[in-house]
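When the chains are written out, they are named A, B, C, D and E in that same order, and each has its own residue count from 1.
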Amino acid sequence: AQIANKTVKIGVLTDLSGGYEQNSGHGSVEAARMAVEEFGGKIGDATISVLAGDHQNKPDVGVSIANRWFDVDKVDMVTDLVNSAVGFAVLDAAKAKNKMVMLTSAGSADFTGKACAPDNSVHWVYDTYQIGRTIGQAVPQLGNKWFFITADYAFGIALEQGVTAAIKPAGATVVGSVRAPLGTTDFSSFVLQAQASKADVVALNNGGDDGINSMKAVREFGLLAGGMKVAALGLDALPALKSASLEVAQGSMFATTWYPEINPEAQAFMKKFIERRKTAPGPFQVGTYSAVLNYLKAVQATNSTDPKTVIAKMRATPVKDAFTNNGVLRADGRMVHDVYLVQVKSPQESKSEWDMLKVIKEMKGEDVFRPLSDNACPALAKN
Amino acid sequence: MSDQRVLTVDNVTGHYGDSHILHGVSMHVNEGEVVTIIGRNGAGKTTLLRAIMGILTKRGGSIVVRGQETIALPPERIARLGIGYVPEERGIYATLDVTENLMLPPRVAAGGMSLDDIYKLFPNLYERRRSPGTRLSGGEQQMLAIARVLRTGAKFLLLDEPTEGLAPVIVQQIGATIELMKRQGMTLILVEQNFRFASRLADRHYVMEHGQIVDVIDRAQVQARMDSIKSYLGI
Amino acid sequence: MTHLPDTVTKPTTSNHTLIWYGLGLIALLAAPFLFYPVFLVKLLCFALFACAFNLLLGSCGLLSFGHAAFFGAAGYVAGHAAKEWGLPFELAILCGTASAAVLGFLFGYVSVRRSGLQFAMITLALAQLIYFLAWQLPFTHAEDGLSAIPRGKVLGLFDLDNIMVLYYTTAAIFLFGFIAMHRMTNSTFGQLLRAIRDNEPRAISLGYEVNRYKLMAFVLSATFAGLAGSTKAIALKIAALTDVHWATSGSVILMTLLGGLGTLLGPVVGAGVVQAIEDHLSSLPADFAVFGLFRLPPITAIIGAIFIICILLFRRGIVGEIQHWLDRRSGK
Amino acid sequence: MSMQALFGQLLVGLINGSFYAMLSLGLAIIFGLLGIVNIAQGAFYMLGGFVTWMLLNYAGIGYFWSLLLVPIIVGLIGAAIEKTLLKKIYNLDHMYGLLLTFGIMMFIQGMFVHFFATAGRPYTVPSALTGGYNLGFMFLPKYRGWVVLASLVLCLVTWYAIEKTSIGRTLRAATENPTLTRAFGVNVPALMTIGFGIGVALAGAAGVLAAPIYPVSPLMGAELIITVFAVVVVGGMGSIMGAIVTSLMLGLLEGLTKVVYPQGSNMVIFVIMLIVLLVRPAGLFGRER
Amino acid sequence: MSAPSDEPILRLENVSKSFFGFYAVRDFSLDVRRGSIHALIGPNGAGKTTIFNLVTKTLPPTSGRISFKGIDITKRSPSEVARLGMVRSFQISAVFASLTALENVRVALQRFRSDGFAFWKSADVLHDLDERALALLHDVGIESYAHVRASELPYGRRRALEIATTLALEPELLMLDEPTAGMGHEDVDRIAALIKNVARERTVLMVEHNLSIVADLSDRITVLARGERLAEGSYDVVSKDPAVIEAYVGSEHE
């Protein structure tokens, strides 16, 4: 095989101006460029270039950019794709044009389920199924009576289901649950309801700004002081924790796919990233770096950009880099790797600016990602 | 002589956008005079008043009010020289009630009428004092527009067709009011279609045609020149 | 609406219209050979949407702040019809358009009695309810949206996955909508709408039930917005929450204004400019910088700046300014 | 729900309501008196939060000084925008004001994203206002109590200044017929600038109050504006008291919805707006024109 | 129809209208005879325009009953009443500003066609109406302005256009609110002649402050003050009534 036109083009399609910018956005673009730099910008005599696209969280714009990248700019692979609606739309376009998609920031489990495209896409970092399972396996039995504050969308609901599955067998009960609209800023009413429920544990099944805001309200209204335990389950990236501040976020637990101390590569990457972006990377960004890196390795090895060829090679090669120590790309497109339950350190425990997390439990990828035996991916069944 | 000149308009031009309306108007008004501007529809009478007030933005020439050149001044500064303006379209504020309409214009000189005096003069308005301005009948709005400037203490008033749409009794009442104001030493420019009404009050008539002053008729000459007046006005 | 630019109140000068028409048709036919067809398809859908919006604003002076509801809801229905019910392309679009018409009737029924900002706010409130439904109803798939909507074949013959077939089909739909709306503006009905817009009490006093006329105009505008939305859903294969979000209603106003309110081609040109900015300026080489110095600010900032400049300097919009210039040249 | 819990909910509702009040009051002034639908109000609110954060981080100026300084700074920025941009569109249809401020909002927000990225920034509650009171039925954080107090005082002072003095009616008149109002001797341009500045300063003040509770980020005002705008419409465009009272009512109603049907909590206001506009087009406290 | 018949074409029985407790019209009754020119005069704020608004259903009455051609119209909508044959002009001129004079008249004529909702039908078919429209413009003396936009017409011509538009509907009852207000003397005379002319075939109810016109045209006059009837009769009777002189005409008039 040959690399067409002597170029390998990578498109990072992400949100550069909206709410997802902090977890993906420019950080993802930078991460992709860092991966490219490790190849000196070249594979053999083919040059590697990176395009950045801002889908503005509009699927129309996303799919239109992706199509043009594929058809006009001859982009070989599109990555990041934060915002699942954009992800699905671009995945569909890639399938039709036989291009490659590496989802690193969108989380719907349907990417390796109903909508799976094993020959064209890989799902690299996390998914809602895994989040639920991780929580389900790892959430300690903090108490007997639980109250849920759940963000009203797939991610929050997956968390809620995961927690429920985890606590029920041990005899714990859910004494109340509210679904807060995505983007709620004021959680005081929900927090009061939690307080009134006399639960032992309040689980915050949400992420991003919602997670920070709800955590703040929990502290403000003195739930912790009153002896309740709080499991903030969706808080994720280090920058988000920084926004919340350790004072507020300390003690909360969440499932993550990455933290800086997993290996020396991760720490080196982190250092370099901070130099360039003045802030620590989050899992999506490290994931994008990892995805691009492994993609380029496979392209180099096969001397091809044909998705099927590249993906076949990637399946045969274990992933070990700054993102994970033991990743395996599965037939359905799922990259399976270890995940962690972490807890936020208190300000006293934290020794440096980004020293924020301690690991509570490590989990094997096989135990938390949806098993192939579930036959969730229809395209795989046909083969 | 110039110290009793309240207004001197010299070679004033005026435009609305691209259309040239005033073609070099010159006139003057002395202290305590009532002067009318008469002429057919569209002659430019209203435009002249708007030019004096500075709300016609494209204007040229010279307009001196009480010794001060105003051609470069913004309207609020001109008004504060002590001019009261009753516009043709009455300019009653819909968002203000009758009392608020009355209270709106700031006092520009001492000696304006009090609210009570005004309501005594126009009992109709007192009855409707809580009503939004534009809910008044056409005639009531006209009264309100006149009443409004009486409160400001302005000694120099520009009235644009103050009797339009008013019942005969009220026209007479306004005539009486104007006479009263004149006796109190106020200076007035009156734009009127109703010549019979105007002729009784005015010391001097400026006749306007196509944006120019084409004739000046003193009070004494009115009878003698009735024919040409009729032809000017198309009666 | 007292101070709309004169392009709104002035009937379009007919001597230019024919030339515009001819040029437009040629451009429409030749475009896919000059520009990227997928982009053009999207552009045409939004252009049709903007025309539908302009129809209501131009003919009735009613500024709707909820037109995204028709555009988006029709997209969901058409998408669902094609994907889940397996309806052919034509029927799916028909379903979507019809649902927009029904929705338009309901919206219009409650809103046309009011005007100005109150009208805008009622339409906004109703559209927000639709947005809420789009979050909650199962068939819209909340934040994931509908994707991989099958395009099917035109008349069962031509495969729409062929980009040229897709383009010309969309162009045909656009042309149909555009001409239909143009005809409507210049119909016996349109004539009465102009009268009603100019002076509603007078029209009532002449014996017209003005609310029925306005309702009719509203439904027609909603229907064409629905046609645009359905076509978009099938052509781009997606229907998502952004389609029903108020920002989409805002952006269609922007397109119309930028192109020239009340002008024939304004909404089309406006849609083109906005789409081009949204798509092209937002996808650049990762190390792109202006003069090697600045990163380009986000699209929102750029669009915001264009908006400001447009309102301050080119209030008539692009087409409006050109028309004005032509009129003045031929007039003097 | 127990009586106690109900009280708690009502109280938090009130807290939120007083927040809305600050924001909608500014909007109501700008809208009711200047006739501008200021979509950029959310951006000024964000600016308030950001300037507060910057003052602390770059100049070491704390919360209470910010409370004084930030509204002035934001108000001046607003006045500058009014002087350069908004004044060109006063005699045009409402729509242009809406679109222009929409553009201004996108621009300000976009530039902040450009320079500061979207990450939220923490701002700690000033130490004098940490902790809280146990009211028996609920725990009231001191800071929230402060928010209610501060915003109610600010709102009432503003209301008094505008409705009980001649400023309000002069502003209203200036909006309705600026030319004539000038011809009466009112300096309309200056008045408009001041009016806009005050309205915007209130948004800035709300930003300061918000900084310790919500993360300060460029997008913090983006979605809020549409809700707040609905509040103003429900209260009656141009009615200052209407905006304040409706804000408090909305806070309460929203709080109750969060108990009964949480998913719909950010939709209540639109339902209310719809009903109000259909039944009483001028709004609850608005005067018919 | 030219001879006044006995049955009134318009009848108001004890009609009142209050605005938030303020009675603009109080317990007012009126019969307008078919074929007559009936003038409504009275001081400013007497309630004349309000009565017009009540009759044409622009405002709902607080109490009382209004009938037109024997039909009770108290609860009808304004457009319905217009279709029954009662058309008004407005105190502040009401034309369709962006349409030409010809198009203005055509809007009225279009009501007799059934294609008002025909959004697919080209407006060109409306040229069928041109002939009739031009004739009407001719009647009011402005056919030379047929293709001028209404907003560009001089004020007096605009009033004439308004009357032409009103006449296009061939109303049985024509309601004119201050038809000569703000007009120059030439225009006033023209309009007066016009009213006289059209009244030959229909009934006219008008509000007017110009007493010479009232005297010249009207068969019957009702004088209104403070929302109530002060006097009624022919000009000679009414103008000598001391109450009317005090409330309206004033001492100086002739």
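Following the convention adopted for this analysis, a contact is a pair of C-beta atoms (placed from the backbone, for glycine too) under 8 Å apart; a residue touches a chain by one contact, two chains touch by 3 or more.
The model shown is predicted, which means the values in this text are computed figures rather than measured ones.
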Distance in touch steps, counted as few as possible, from subunit A out to subunit E: 2
Those chains which touch subunit D and also touch subunit C: A
Chain located farthest away, centre of subunit E as origin (C-alpha): A
Contact-richer chain pair [A-D vs B-D]: A-D
Distance between the centres, which are taken as Cα means, of subunit E and subunit D, whole angstrom: 49
Centre-of-Cα separation between subunit B and subunit A, whole angstrom: 75
Euclidean distance of C-alpha centroids - subunit B vs subunit E, Å: 31
Separation of mean Cα positions, subunit C and subunit A [Å, integer]: 36
Shared interface positions of subunit C, touching two or more other chains: 135, 298-301
Residues of subunit B whose C-beta touches two or more other chains: none
Residue list for subunit A, restricted to those that touch at least two other chains: 17, 152, 181
Chain-chain contacts as defined at top: A-C, A-D, B-D, B-E, C-D, C-E
Subunit C-facing residues of subunit E, complex: 56, 58, 77-80, 82-83, 87-88, 90, 94-99, 103-104, 106-108, 110-111, 113, 115-123, 125-126, 151, 165, 169
Residue ranges of subunit A touching subunit C (in the complex, touch as defined): 11-13, 16-17, 29, 32-33, 49-61, 63-65, 67-69, 71-72, 84-85, 88-89, 91-93, 96, 108, 110, 115, 152-154, 181-182
Subunit B partner contacts - residues on subunit D that touch it in the complex: 166, 169-170, 172-173, 175-177, 179-188, 238, 287-289
Subunit B to subunit D touching residues, read off their complex: 53-55, 74-76, 78-80, 85, 87, 91, 93-96, 100, 103-106, 108, 132, 152
Complex interface listing, subunit E residues touching subunit B: 19, 22, 41-46, 48-49, 91-92, 154-156, 178, 181-187, 209, 211, 246-253
